[in-house]
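All chains are identified by letter, namely A, B and C, in their written order; residue positions are counted from 1 within each chain.
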Amino acid sequence: MTEPVRAAPDDSTLVRVRGLTTVLNGKTIFDKLELDIPRGKVTAIMGPSGTGKTTLLKHITGQMRPDAGQILVGGKNVPELSREELYKLREGIGYLFQNSALLTDFSVFENVAFPLRQHTKLPEVLLRNVVLLKLQAVGLRGAAELMPNELSGGMARRVALARAIVFDPMLILYDEPFVGLDPVALNQVLKLIRTLNETLGITSVLVAHEIEAVKQVADHVFLIANGKVVAQGDPKTIANDGSAWTRQFFGGGADGPVPFQYPAGDYGQALGFSGAAK
Amino acid sequence: MSVRPVQSSNVLTGSLAQIGNCGLFLLTLLAAIPRSFRYVRETLRQLWFVGAMSLTIIMVCGLFVGMVLMLQLYHVLSIFGGTSASGMVVALSVYRELGPVVTALLFAGRAGTSITAEIGLMRATDQIDAMEMMAVDPIAYVATPRFLAGLIAMPLLCCVFCAMSVLGGHLVGVTWLGIDNGTFWSNMTAVVDLHTDIVNGVLLKSLAFGAVVSLIAVYQGFTTPPTSEGVAYATTRTVVASSIAILALDFVLTAFLM
Amino acid sequence: MSQPRNSYAVGTGLFIVLGFAALVYLATQTTSVANVHQGSSYTVDTHFANIGQLKERAPVKIAGVRIGQVQSITLQPGAEVADVKLAIDKNYDKIPLDSVATIFTSGLLGDQYVGIVYGTSKKTVAEGGTLALTKPAEQLEDMLGKFFGAGGMADNLGGTYTVTADFTNVGTLSAGAAVKMAGVPIGSVQSVVADPVKLDAKVTLAIDNRYNQIPDDSSAAVFTSGLIGAQFVAIQPGGSPDALKNGDEMVLTQSAMQLEDLIGKFLVNGSSSDQKNAGNGTSPGKSSSDKPSSPTPTGKQ
């Protein structure tokens, strides 16, 4: 399944974003964004809420088409792919949804088996072994017969992860993998991301807010704000690069380049003082 | 997703856009039929949910419709001494109008709403996106099987409904009110025509209604805003739009087929 | 994992089979291609000159009791009579060979059925046998149409004079009903009261002054417009030189007929031929059948 990737011209970069511009409902999400995601590393994409980090992931998988620009995944420009090519590409990409997105009709086992059933004609015995192997990897082999509504949030996310890696993808995209997890579950997910990256060499991209968690797991961090990459680098050093963005984001300031106030008209006028004071 | 909710301030252009989008969605559905052949199992599973699970309500309602029709007709026709025609009138009215229409209305309430709610919730919980990401076409895997299942289930349900109505009419007319059994059947068989009543009335109408109801249900499910509020609203709209479409289409079909 | 799938498949299969079974049921049992479901029976051939509205699967009755049904109705090319096969329950296998098969109508608008009136022969009809004696269906409309003229209500005319008539039975005649002569409205019924002495119905007729030359030996009859229409009083002119005057009583009256009785008479006694003037001589009201029943005014003053 990783075949399309091998043909990549530049071996060290798996995802290359060039001049990405997206306008959603009149709001500019990306303004000529440039981004390189290195192969075989864990890359974190951070940024204030509403900067379109999830949108970026959707651009990478071709779920959304940008207004302009190129997104090269393994050398293929995603926005120009046909449906079949896109589906072919997606078989090599695992995607972990924020809310796990398990199919509620199916048991845990069938959820993990779903991509295999849809794309292969594996004999039942082999399919069972593959699924149990993946469930074992996330530590949930014993939960194979449970239904998704019987799982806790952390377990559901691990099942979703097992489903995302069932095809041994070249790239896994994690959309907010740490949200809503207790410290134990968070550490389990952290460990899994790290293990998957180290043992299988899977390129991982994660969108997250949890600075501590990102520092532990990521090799490289992009900080996106106002549609551009405002800072990037090693997670341990990026906080000290001196820009106002990083200072506010990593230092946790309430006001700064990311304004506390949502853009609005004059306050005094809104309260009916008819601009007299100013 | 290729399907997006329509937003328009004007009611007229809004509904026109809804109809237009619905038509485009139908084309998408039909185009996905070849791709959904590999999900035959899913179609069968949906046939179970929308068809077999609707059987009870359809059978009970069919029985009662036949019974009450017979009761009413008997009392009116007894004025003219024409009670022996009541079985025939029950059969004709059920085959031509009541059977397809009532079945479709029940189907919209029973199966249409559950289709809309299910797809809406699948969207709200990212299951549709997850399928996209697993390179499974949600149109071919989710939408088309449900559409086809509705298309197949409606005529079958309608046949069951009509049969139950005739039996209900027989129960009341022959067993209770004492219409002669042979007269009941002979009048019916003499008037009911296989082509105009069974094929055009029962089968063709119910097929058309099945297509419309399942199209609306699937469309509403796919275009609903992925929130719990949106799903609730879309479910209501499925029933309202289906009912209007069924009755309007019924008039058009009757005008053309009669 | 395949267990739930199989149960879906079985349930879905059952649903499909049930749906198609219902379709087959509708198509075969309730349409014209239906087959006759019978118990143990034997068939008897009959030939009718006219079967009227008789249908396949219509009942066959003796003394009003159902003993079987009509199995088939065919017309051989070149033949003048319809072949009607009767499927009769095996329990009733003692039907005399000279029994008469007649096509009756249940009620006024009801369905037609085959009634068998027993003959006297010692021989009984067997499987495949033929009942040679038959009476065809009467065209009720033809017969009834001869009795009753029908027309609109009388105009509200200027002056009227009243005459009375006694009926033993007025049927459902009520005040306001039309009074007609030759089918043309000439007045209306003013009142219908029971006479406490003579114990019959005293009907007061208000007749338009223009029609003041009605012979005093004319008769009045209560008729019905059409098959199920309203009742009215028909006046049949007599031959007396003297005319009816205000307050006179009409002596010759004909009460309302119970249509069922009347038709019963026809079906039993009516002509065995299929001629147009069937019902000849059984009707006191026959004279009116010579007149056109349309409400065209005759112009007579």
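We adopt the following convention: a contact is a pair of C-beta atoms (placed from the backbone, for glycine too) under 8 Å apart; a residue touches a chain by one contact, two chains touch by 3 or more.
Predicted model, so just to flag it, every value in this text is computed and none were measured.
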{"item": "Chain occupying the most central position, where position means C-alpha average", "value": "B"}
{"item": "Chains most often in contact, by C-beta pairs", "value": "B-C"}
{"item": "Farthest chain relative to chain C (centres taken as mean CA coordinates)", "value": "A"}
{"item": "Approximate Å spacing (C-alpha centroids) for the pair chain A, chain B", "value": "42"}
{"item": "Where chain A and chain C are represented by their mean Cα positions, the distance between them in whole Å", "value": "86"}
{"item": "Interfacial residue positions of chain A with respect to chain B in the complex", "value": "61, 63, 83, 87-88, 90-91, 93-95, 97-99, 101-104, 114-115, 118-119, 160, 163"}
{"item": "Residues on chain C engaged by chain B in the complex (per definition of touch)", "value": "5, 8-9, 11-12, 14-16, 18-20, 22-23, 25-27, 29-34, 55-59, 66, 69-70, 106-111, 113, 228"}
{"item": "Interfacial residue positions of chain B with respect to chain A in the complex", "value": "1, 121-122, 125-127, 129-137, 141"}
{"item": "Chain B residues within the chain C interface of the complex", "value": "41, 44-45, 47-48, 51-52, 55, 80-82, 84, 91, 95, 152-153, 155-157, 159-160, 162-163, 166, 180, 182-183, 185-190, 192-194, 197-198, 202-203"}
